[in-house]
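First comes the structure, then the notes that go with it.
So that you can tell them apart, the chains are marked A, B, C and D in the order they are listed, and the count of residues begins at 1 in each.
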Amino acid sequence: MDRSSLSELLQKFSRHGRELVRRHLPFAASGAGAARSRAEMMTDMARDLISNRGEASGVAIAADLLRLYETAGESDRATFFAALAAHFNPDRSRLVAAWRRFETDGWSAYPELARATEAPRQELFRRLNLAPGGTAALVRMREQLLGMREMPGVALVETDLAHLLQSWFNRGFLSMQAINWSSPARLLERVIGYEAVHHIRDWTDLRSRLDPPDRRCFAFFHPAMPDDPLIFVEVALTDAVPASIQELLAPDRVPLATEDFTTATFYSISNCQPGLRGISFGHFLIKQVATDLQREIPGLKHFVTLSPIPGFMRWLRTDDPELAQEAEAEGMSHRDRLLARALDYFLEVKDPEGRPIDPVARFHLGNGARLEQLNWMGNSSEKGLRESAGMMVNYLYDLPAVEELHERFANRGAIPIGKPVRQLMTKLESHSKSMEFQG
Amino acid sequence: MDRSSLSELLQKFSRHGRELVRRHLPFAASGAGAARSRAEMMTDMARDLISNRGEASGVAIAADLLRLYETAGESDRATFFAALAAHFNPDRSRLVAAWRRFETDGWSAYPELARATEAPRQELFRRLNLAPGGTAALVRMREQLLGMREMPGVALVETDLAHLLQSWFNRGFLSMQAINWSSPARLLERVIGYEAVHHIRDWTDLRSRLDPPDRRCFAFFHPAMPDDPLIFVEVALTDAVPASIQELLAPDRVPLATEDFTTATFYSISNCQPGLRGISFGHFLIKQVATDLQREIPGLKHFVTLSPIPGFMRWLRTDDPELAQEAEAEGMSHRDRLLARALDYFLEVKDPEGRPIDPVARFHLGNGARLEQLNWMGNSSEKGLRESAGMMVNYLYDLPAVEELHERFANRGAIPIGKPVRQLMTKLESHSKSMEFQG
Amino acid sequence: MDRSSLSELLQKFSRHGRELVRRHLPFAASGAGAARSRAEMMTDMARDLISNRGEASGVAIAADLLRLYETAGESDRATFFAALAAHFNPDRSRLVAAWRRFETDGWSAYPELARATEAPRQELFRRLNLAPGGTAALVRMREQLLGMREMPGVALVETDLAHLLQSWFNRGFLSMQAINWSSPARLLERVIGYEAVHHIRDWTDLRSRLDPPDRRCFAFFHPAMPDDPLIFVEVALTDAVPASIQELLAPDRVPLATEDFTTATFYSISNCQPGLRGISFGHFLIKQVATDLQREIPGLKHFVTLSPIPGFMRWLRTDDPELAQEAEAEGMSHRDRLLARALDYFLEVKDPEGRPIDPVARFHLGNGARLEQLNWMGNSSEKGLRESAGMMVNYLYDLPAVEELHERFANRGAIPIGKPVRQLMTKLESHSKSMEFQG
Amino acid sequence: MDRSSLSELLQKFSRHGRELVRRHLPFAASGAGAARSRAEMMTDMARDLISNRGEASGVAIAADLLRLYETAGESDRATFFAALAAHFNPDRSRLVAAWRRFETDGWSAYPELARATEAPRQELFRRLNLAPGGTAALVRMREQLLGMREMPGVALVETDLAHLLQSWFNRGFLSMQAINWSSPARLLERVIGYEAVHHIRDWTDLRSRLDPPDRRCFAFFHPAMPDDPLIFVEVALTDAVPASIQELLAPDRVPLATEDFTTATFYSISNCQPGLRGISFGHFLIKQVATDLQREIPGLKHFVTLSPIPGFMRWLRTDDPELAQEAEAEGMSHRDRLLARALDYFLEVKDPEGRPIDPVARFHLGNGARLEQLNWMGNSSEKGLRESAGMMVNYLYDLPAVEELHERFANRGAIPIGKPVRQLMTKLESHSKSMEFQG
């Protein structure tokens, strides 16, 4: 930050902020000193914020600190995080004393132990939230902390902030809202940027996802970030479980009448906030969308996904390099062999905790969905071919069964499968037997 | 709860809830057993809620548990709280292990120590918040916990819930809204019930507080409780600092034109949620109302309160029983002596921490206001006479000075006084001297 | 209006308004002169409003004129109306010329004839609508015109205003909104005042009409009067066609669960704006409420009213004075004779146009409803006994049949009756025959 | 419309509509017959709509008729309009009778004369407005009527509809709303299409008009067309009266801070609804925007336009073909001569009513603005050079003077000029004198 932009920034500061910057100004002039100094300023502000002074003018100090933070470079931020890790820990002697009392008095001494264990960083983050836009700024700060997690001490800071965000972004505080062509342009612009599964090219493409009568989109919002979705899901309404994304997004399709819809397909789910990693909303969103659509359109019978198999080819390259190579080279051949290996991939291959290694499968099966159908050439795009040999999969949410399936999956790793997958298995088996037999 | 109301309740339960109640039903029939059993049901639900099962059907279990809780009697609740205190503590062996590692490895082991210290009760409360209306239910639960805080173990539960509420009701999440005659009746009905300082008799009286052009009312709301204010302040707009509440609320006054307003008087501040005791919003509200009114009505120069002196007569009865007795008997005499004692009460008498003993004084001075004016017969109602010999006081918020006054008060106990108080002191002194002289 | 209130009023006037008042001020001082003068001022403003000047500063002049009008007394208004009748008629020579051309050229000359026929009053009213609150003020003005309709010339003014209101209050511009306990107090206060059928005593009584789960209320609003309903209907949801208002409004009833509702009863319809007399919204409102409720609660099978028979006893006093006297004296006796006469009253007695003489019957039958059920002691209140010998009637709206029934009633005066009325007729006949026989 | 699309359409029809179409179906099959038949169907529906039947099922018939109309071709529409002109005129004998009575009785017979003069078409249009979207459909119908105004009879229909729209789109019913980057995409998409002065290329360009802190946009909306603006104005906030559109829209400009704004420039005003031609909102919009901005940003001192001179070069080509040709050929030379001619164009050249011939000048001067400044190379685009030799003009709205200037202009054709224009005149005169002198 050069002097002119610093002085611009200063104009927005509170009296307290300006005084503080002035105190540090000698350093601000020179190169290395300047970097050190901005981190120092932020650290001083952080200290003030959790002091007595912070009680009276918390909003102003929080706003100043976040303003400084948001315009800081990576090295300033790293230094600031290091300071938070070093100087905002609990008071060790108080902590030891509380532990001693807990050892002698037991649970009655627990409240003081809990209080003594909490790091002042938590109070710092709570007070930073007083600034306008504070919540969104803290979510971005966690994103940056996650990016620096390997640096010494950063994990302490990140853990504390994650704990707070987990509590603040409780599903009970979120509201689900439809996103459509009447939504604010400011919000839609973000949706274009956030879509992670099937890229949205421009406003015309966006409109084709939101406006036709056979398309829906829903998102979770936090009241402190009303223009910024946390997660959204795109839904297509059809009269059959769709087998390919090309077909589903075909621009020249004729939308059905509402009374002909039987199937709602979740064909794209995008998490929007990297700073909320590990705080899971997806299953809440899918279930609420399914429940609400069911009420709105009583004719809906099936709630399915049309999902990628992002890890299949990566795994195949290790497990069966020859087939992988052939699949990549020839594109659409080896249908049965690849389908058979995909079934293995879903049903046989496990991670150390005994769960499927495909992240999308883990997510939906973990929500209580079942593996319904495997679709050859479900995604014939370059990306689809490269990642999953062009296959896609439908997970089916049978709402009344979801709870039980979830428990079985969580407790025993049981993977429920639907009739189409079962039929595919039978067919492939008899085929492979006949192959064997012929062989 | 008799069998018929139980069965009504059951209809609203989820499948899981109904099964659970059925399991407990033998007990539910008989008297004592029933009580024991409902608490047991709640405890079982609480266990399920923080288990794997709670992940898949958290919303339903949380709703069931809160439904059972809300219709439970005091003894059931006490038993339930005891179970939360006994069985939802951290895992002791994990906690001890984390402590050992912290002793050897230092702060790098802190994240695990913090995690191991957190009681599963916190996760329980976070999941209860998934139910519709969960936040409000937890606020009421804290109110009941506070009422039973002396019972063994309840303090543990209350501390954990308080910690969470402190985090959730962060000022950054609250919105300030005007309350006026166009507000929803449902909300206004609550305002009538919550007003704690100057009783609102009925809807006509309410209207006189909200609708005239020289009246305003503002409240803080949490997004999860949109119909239920957390705190509200009633404001009168006048052309001078008001000296009595009778005058201020006179129904036959003629409201001034907007351009003649010079003074905004906060004449009533009511906290609405006993379950949020200890979480302070008042100073944020006053400052934001002052800032917003200033912008709306540029002619406003003074922001003052017209406040009661709730502890004065109680103190005087101990300190000067004779004068107290006379004041009570004669009502409006002994003006100067009582004013002099009130000055002592504000400026000389201190609590163990060196702060004024009057709670209202502590609040406003702690916010950075100054003691501006003492008003003889400011409140001639029966309550006013009994509590404060009919006196009222104005605290003045000088916005640019607030931060500094707050710090001086917080650090040194300094009590700033305004010109009217200063003049009163001089007058009373000279008077008392002349009295001495005469005597 | 004395001088002080005049000067207060003047402060709110535009420059143009103040100049105008000053010009008239000599008259304003004295008694009769003053009256003459205010009407003159209004007339001058009206002239300015439809002149060139009105184009540039129409909003200000319209506001001034309405302000003067709203605070005027009845005699000023009468004089003002007389001026509107005398001086704001079409230009007679232009009208005669247009007529001549129409006589020679036929319909091609019609546009100029139509324009020449329109009185400048219409443009005046359109420009008055520019003032904030203008629409509501014009509705009130029509109310006052209707009250003076017998005075010479007033009918001209009233006709012109009615024509405009008819066009502005087109059903296509109205929005139907639910009124409930979350509606603005300002609006609910009006509902209390407007309820014309079953008096609402206070806010508690109002709440019992709006808040219980088996009660609904809907109103039509015009966008220019968002706080002021045009008409509202109160609805009770039950599991049977209700036979008495006492039962329907019983405060100790237990509301049914939503899935048990089979019948929606319109038990009170109130027109709120006397100034919109002759502009009919009632049938639109009933049909839209029925359609919307049907969609919301699919279990609803019957849409009925529970209506008074306001003209029965008046008619009976002429038609059968003896029975009328006995009914009044004895209250609940003569059941069958009174029911029989009520059937006559509905089905036999006609006004000169061949329609029933009961206004409520004319309204509902004219909407396409049928006469479903006659209820003895349906309204045992003093008013119910006095007006209709305590009887009430259900009109039933069979939505698919409504159009055809309306046409038959409109074209042939056919009155459709329901099974309960048919059974009552049979029973009364056989009874009367047996009576005769016995006699 | 082929048979399949007809049957699709039929599905949306009411029972009444379907019957009607069936009656006409034989014709619908063949070519010419079909066209005749659709117009006949529409005419039949129109008749039903103003009959008794229309009272009971007006909404359904209106919706059916508009559906048929909206999908009709030009020839069907022409036939339908011809039917409206021929068969929906007033009853001639009633009209003659009313005239006779008026001739003998005078104004007391006026109400009946007014009623008898009104064509049933007006009632037809009022009932068409009952359909959802009816108001917008009628606005489009007027657009089509205006396009066929030369056909026999169409003028009658158009006049009647215009009269109604004039009444419905009264400024008192419109609401002004800001349009910004948080507006619904559906609305913004329309703004892109409607912008008539400075073309908006795409969503990025749109954003540059709405989102920067020195840009504003405001529109009038009618409550029955909430997504469709009637007129909008784009505003730029600067610290000086702008002299060129290139500068004003420069994408790399740095927006000023709010406290530095002194000037609001209306640089683009677009009427959106051709069907509302002749119903003027522009002056209301400009004045309200100016008033509201003044209140929001007290530092604003000047309200000006930056306007094209659309008729200048057309006039010059006739008046001074040689100069026009040179200007077109050479682009930026002949500065003083062209400026001098532009002054003539504004100040000397008059239309038959004595007003300036430039339509934009007539609009702003007619609103009470003054001719403030002439800007050489204010618009160097191809269109700007072609239409106005690259010149632009600022009209200035001096709010307190607007009313008087409007009256002077309306009554005497007086054109007020600002200091810059005056200085330009002086400069050009002395220059031309010195030229003469030299010559």
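FYI, a contact is a pair of C-beta atoms (placed from the backbone, for glycine too) under 8 Å apart; a residue touches a chain by one contact, two chains touch by 3 or more.
Just so it is clear, the model here is predicted, and its values are computed rather than measured.
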Problem - Common touching chains of chain C and chain B - result: none
Exercise for the section: Work out which of A-D, C-D or A-B repeats the contact pattern of B-C, with more than half of the residue-numbered contact pairs in common. Expected result: A-D
Fill in the blank from the handout: Averaging C-alpha coordinates per chain, one finds the centres of chain A and chain B separated by a number of Å equal to 37
Exercise for the section: Would you mind pulling out the distance in Å between where the CA atoms of chain B average out and where those of chain D do? Expected result: 57
Fill in the blank from the handout: Multi-partner residues in chain D (2 or more other chains touched) are none
Problem - Pairs of chains in contact (touch as defined earlier), listed by label - result: A-B, A-D, B-C, C-D
Fill in the blank from the handout: The chain C residues in contact with chain D across the complex are 16, 52-53, 55-57, 85, 89-90, 99, 107-108, 110-111, 113-115, 117-119, 126, 129-131, 134-135, 153, 155-156, 159-160, 163-164, 166-168, 170-173, 223-224, 283-284, 367-368, 402-403, 406-407, 410-411
Problem - Contact set on chain B toward chain C in their complex - result: 181-188, 202-203, 207, 227
